[in-house]
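Here it is, the structure, as structure tokens.
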Amino acid sequence: MSAEAPESVLRTTSRRRTVSDRIIFGLCLTAGAIAILPLVLVIAYLVIEGLNAWSPAFLLEKPGGITSSGGGALHAIVGSLEMTGLALLISAPFGIAVALYVIEYRAGRLAIAVRTAVDLVAGIPSIVIGLFVYSLVVLTMGHFSGLAGSIALALIMLPIIARTSEEMFKIVPRRMREGTMALAMPRWRAVVSVYVPTVAAGIVTGIVLAVSRAVGETAPLIFTALGSNFLSTNIFKPMNALPLFIYQNALNIGSPAARERAWAAALTLVAIVLIFNVLSRWLTTRVAVRVPH
Amino acid sequence: MSVGDAILEWGVRILSLVALGFVVVMLIETAVRASALLKNTNPWAFLTGTTWDPSSLVYGAMPFIYGTVVTSVIALIVAVPLSLGAALLINEYLPRFFAGPVAYAIELLAAVPSVVYGFWGVVVLVPALVPIERAIAGSPAGKIPIFGPPVFGPSYLAAGLVLAVMIVPIVTAVARDSINATPRLQREAALALGATHWETIRGVVLPFARGGIFAGIILGLSRAIGETIAVLFVIGNQPQINASVLAPGYTLPSVVASEFAEANQPFHSEALIALGIVLFILSFAVNVAARLVVSRFEKRAGGADVR
Amino acid sequence: MESDEVTATPASIGVTVGSPNALPVVAVGDRARDRAAEAPATNAEAAIEVRNLSAYYGTKKAVHDVTLDARQRSITAIIGPSGSGKSTVLRALNRMLEVVPSARIEGSVRFRGIDIYGKEIEPAAVRRTIGMVFQQPNPFPTMSIFDNVAAAARFNGLVKGRAQAAELVERCLRQAALWDEVKDQLGKSGASLSGGQQQRLCIARALAVNPEVILMDEPCSALDPIATLQIEELARELSREYAIVIVTHNMQQAARVSNETVFMSMNEDRSGYVVEVGPTAGVFTNPRNKLTEDYITGRFG
């Protein structure tokens, strides 16, 4: 057979199609570049300005004057740790309980109500959570407090923990469920010694994710924890937190000292949040290994 | 039933009901407090009122509803095409060794707290935006009301852009996930028919992923609607309705955040709580509408063995 | 095969359809004429010639030094134990292999004398001429039955307008022996059909772009025996006009439908290679190689 020119046997793509293929690629490339540029800028500013203003003293010293330079963010860091920690202690048991209740007693009307309420909370803007907690906790107690801040953060964490735990309990393999039934294991034993250990890594992932979300929240703290310029560990008194500290300093960017403190705090906060996120992602890969399909 | 079973069941049930009860009490308590506003104004006048002047006890929600809608729309107009392009770029065009890290970085950026974006916006973006805004207002485009003067810097546009920067990672991440979930068999079917890469994307990938892409957009939208701090820094905090996107304005969450602590006029804090409830209803409505639309998408692709 | 049958091929019906593309695109009719001219003398000629083909996934060698021919208007079956690289070879024949990340090949694949891996050759152009049917039926779930068939032709500018599309859809569905079952529900989702119907829909879809060769990758492995039989009959029918290469692990199927059989097995390094090639009757009744004999008598596999 004589070799024919390729075009005569294979139908090449028309120019119109080739060109639109190229144009789309160009558009995607441009869009991607424009999308990523500001994100790169945010990170670049954060690292450059933040490192400029940051020092170990920032983490370890008590706050300085409002307009004077210097002074650390120890009070905000302590406040963040304390409030997020307490929020975790509140939301984790509730979140896991809700997940178990919804999965194990799925048909009940109350279970549906509980699930709907948790979904509802997930959709509430965080500033509104702050308002709600103000109405219920701050007004009842008569003053702002770290406790009120913790409750607000717990409300933000609750749906995240409940949902990830629920997803986890759902993937407990049927074989395993049937196995526990075949052994005539009481349900509580099955839950405590089989289900929970199987999906523990997944639940922890959800908790870590929730913590990383809560630790960066500002809006729900503004009129619950309020903020404070003193180092205090008393949960019943107003408290500061890193995001709140950034917020308050950013409102005063006329003062170079405030601006510096805000950059340093922003860098610290982003580092903390990213560490938690990387941790939760790493845990996620471990879950994939633990749960047999 | 063993004792252990009873303890587990009741423990779980009690904790769940306490959580449910707390949420219900919280909602009722807040609604009751907001209802005190009824002594000052009726709900319709409150919702449609265009003036917000606490010192003369005039409370109208419209400037904030308007600001929330305008900034969210700007954010979507900017962020959606960029996110879609970025998602397609990462999934379809970048080589694998590069696409993975880029996708990971974008997902991490979705977790950066909004206060950081807001602070960046006020110290970097707004100063950079001022000359551009002046140029727009001074150019022939300035004759069109939406690009008209006055220009101060903080504006609906600035807030919309900061929101766009914030939600790009979210929309990109979700859109990318659903594009990624397109079954390989479907892509191969199109490729084996001689479709070009773009034809495969348009014919197979986007129809498959559109529900997920839409869900990502809604997720971005609800973040934009509820965003407080980032907007508060860059919108100018003026309770007004201005046709120009270059003018300063206010949004529902940002007015609550900045005025609530010092609300000492009669009915002021009640009016702010009512604004919070309006915001809650607005974002709830967006979420419900989104669910309906997503389930319709799913139904249309339904019966399909999508694996 | 008689020549008047050849002139009645779908491709020649396509003359009226023509190609709207302005570029050096061969009008469908030209190809049909080429084929018709060759038809009497080249009945047994190779449509695809594979020479010394080796394929790799990353650093792992999956296929070693395969040489085989697929004849025109004939069914070539590739059989062998799983893991022997049958599907990899098949995918190399229309450049679908490169869709798999990290896959690459050595050696040559020629279609009617043209190196399909040549520098100037686009993969899409190869796939248009050498169509493929997959193991799992994969109709586009978001499209109707009608659009599943029409979309393929629309991509390629083979039809314009609803009337032409309708004509094409009917012709392809008839060819795929599906028309009578679906003609009243063309608007329904392709996913609403049974597995066997879906697979025939995929065959109709492949036919809609006017291929010359159809590759079938275990097309019946997801189907029940009756649907399998229908696909086999369809393949026999289609082989009067097209070259067909079918990968199957079902030896009876290969024996039933194919004219030529290629038997592949695995080397010690787990790369696949060709043990024996020949007319199907010969391979199954009188294998030259002990390994082939062991496989077809069920001693391994």
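In this document, chain identifiers A, B and C correspond to the written order of the chains, with residue numbering beginning at 1 in each.
By definition in this document, contacts are C-beta pairs under 8 Å (C-beta built on N, C-alpha and C of every residue); 3 or more make two chains touch, one makes a residue touch a chain.
These numbers were taken from a predicted model, which means no experiment stands behind them.
The chains other than chain B, kept where they are, remain one piece by touching. Interface comparison, A-C versus A-B: the pair with the greater number of contacting C-beta pairs is A-B.
Per-chain CA centroids place chain B at a distance of 49 Å from chain C.
A straight line joining the Cα centres of chain A and chain C is 51 Å long. Separating the centre of chain A from that of chain B, both taken as means of CA atoms, is a distance of 16 Å.
Under the contact definition stated at the top, the residues of chain C that touch 2 or more other chains are 124-125, 128-129, 156.
Listed for chain A are residues 11, 13, 17, each touching two or more other chains. Each of residues 194, 196, 199 in chain B touches at least two other chains.
If you check the complex, the residues on chain B that touch chain C are 96, 183, 185-196, 199, 203-204, 207-208, 300-306.
By the touch criterion given at the top, residues 19, 21-26, 30-31, 34, 45, 111-114, 116, 118, 120-122, 124-126, 128-129, 156-157 of chain C touch chain A in their complex.
Chain contact summary for the complex, chain A toward chain B: residues 11, 13, 17-18, 20-21, 24-25, 27-32, 34-36, 38-39, 41-43, 45-46, 93-94, 97-98, 100-102, 104-105, 110-111, 113-114, 117-118, 120-121, 123-128, 131-136, 158, 186-189, 191-192, 212-213, 215-219, 222-223, 226, 243, 246-247, 250-251, 253, 259, 262-263, 266, 269-270, 273-274, 277-278, 281.
Every residue of chain A that touches chain C in the complex is listed here, in rising order: 1-4, 6-17. Across the interface of their complex, chain B is touched by residues 94, 96, 99, 101, 123-125, 127-129, 131-132, 134, 136, 138-143, 151-152, 155-156, 189, 191-192, 202, 205-206, 208-209 of chain C.
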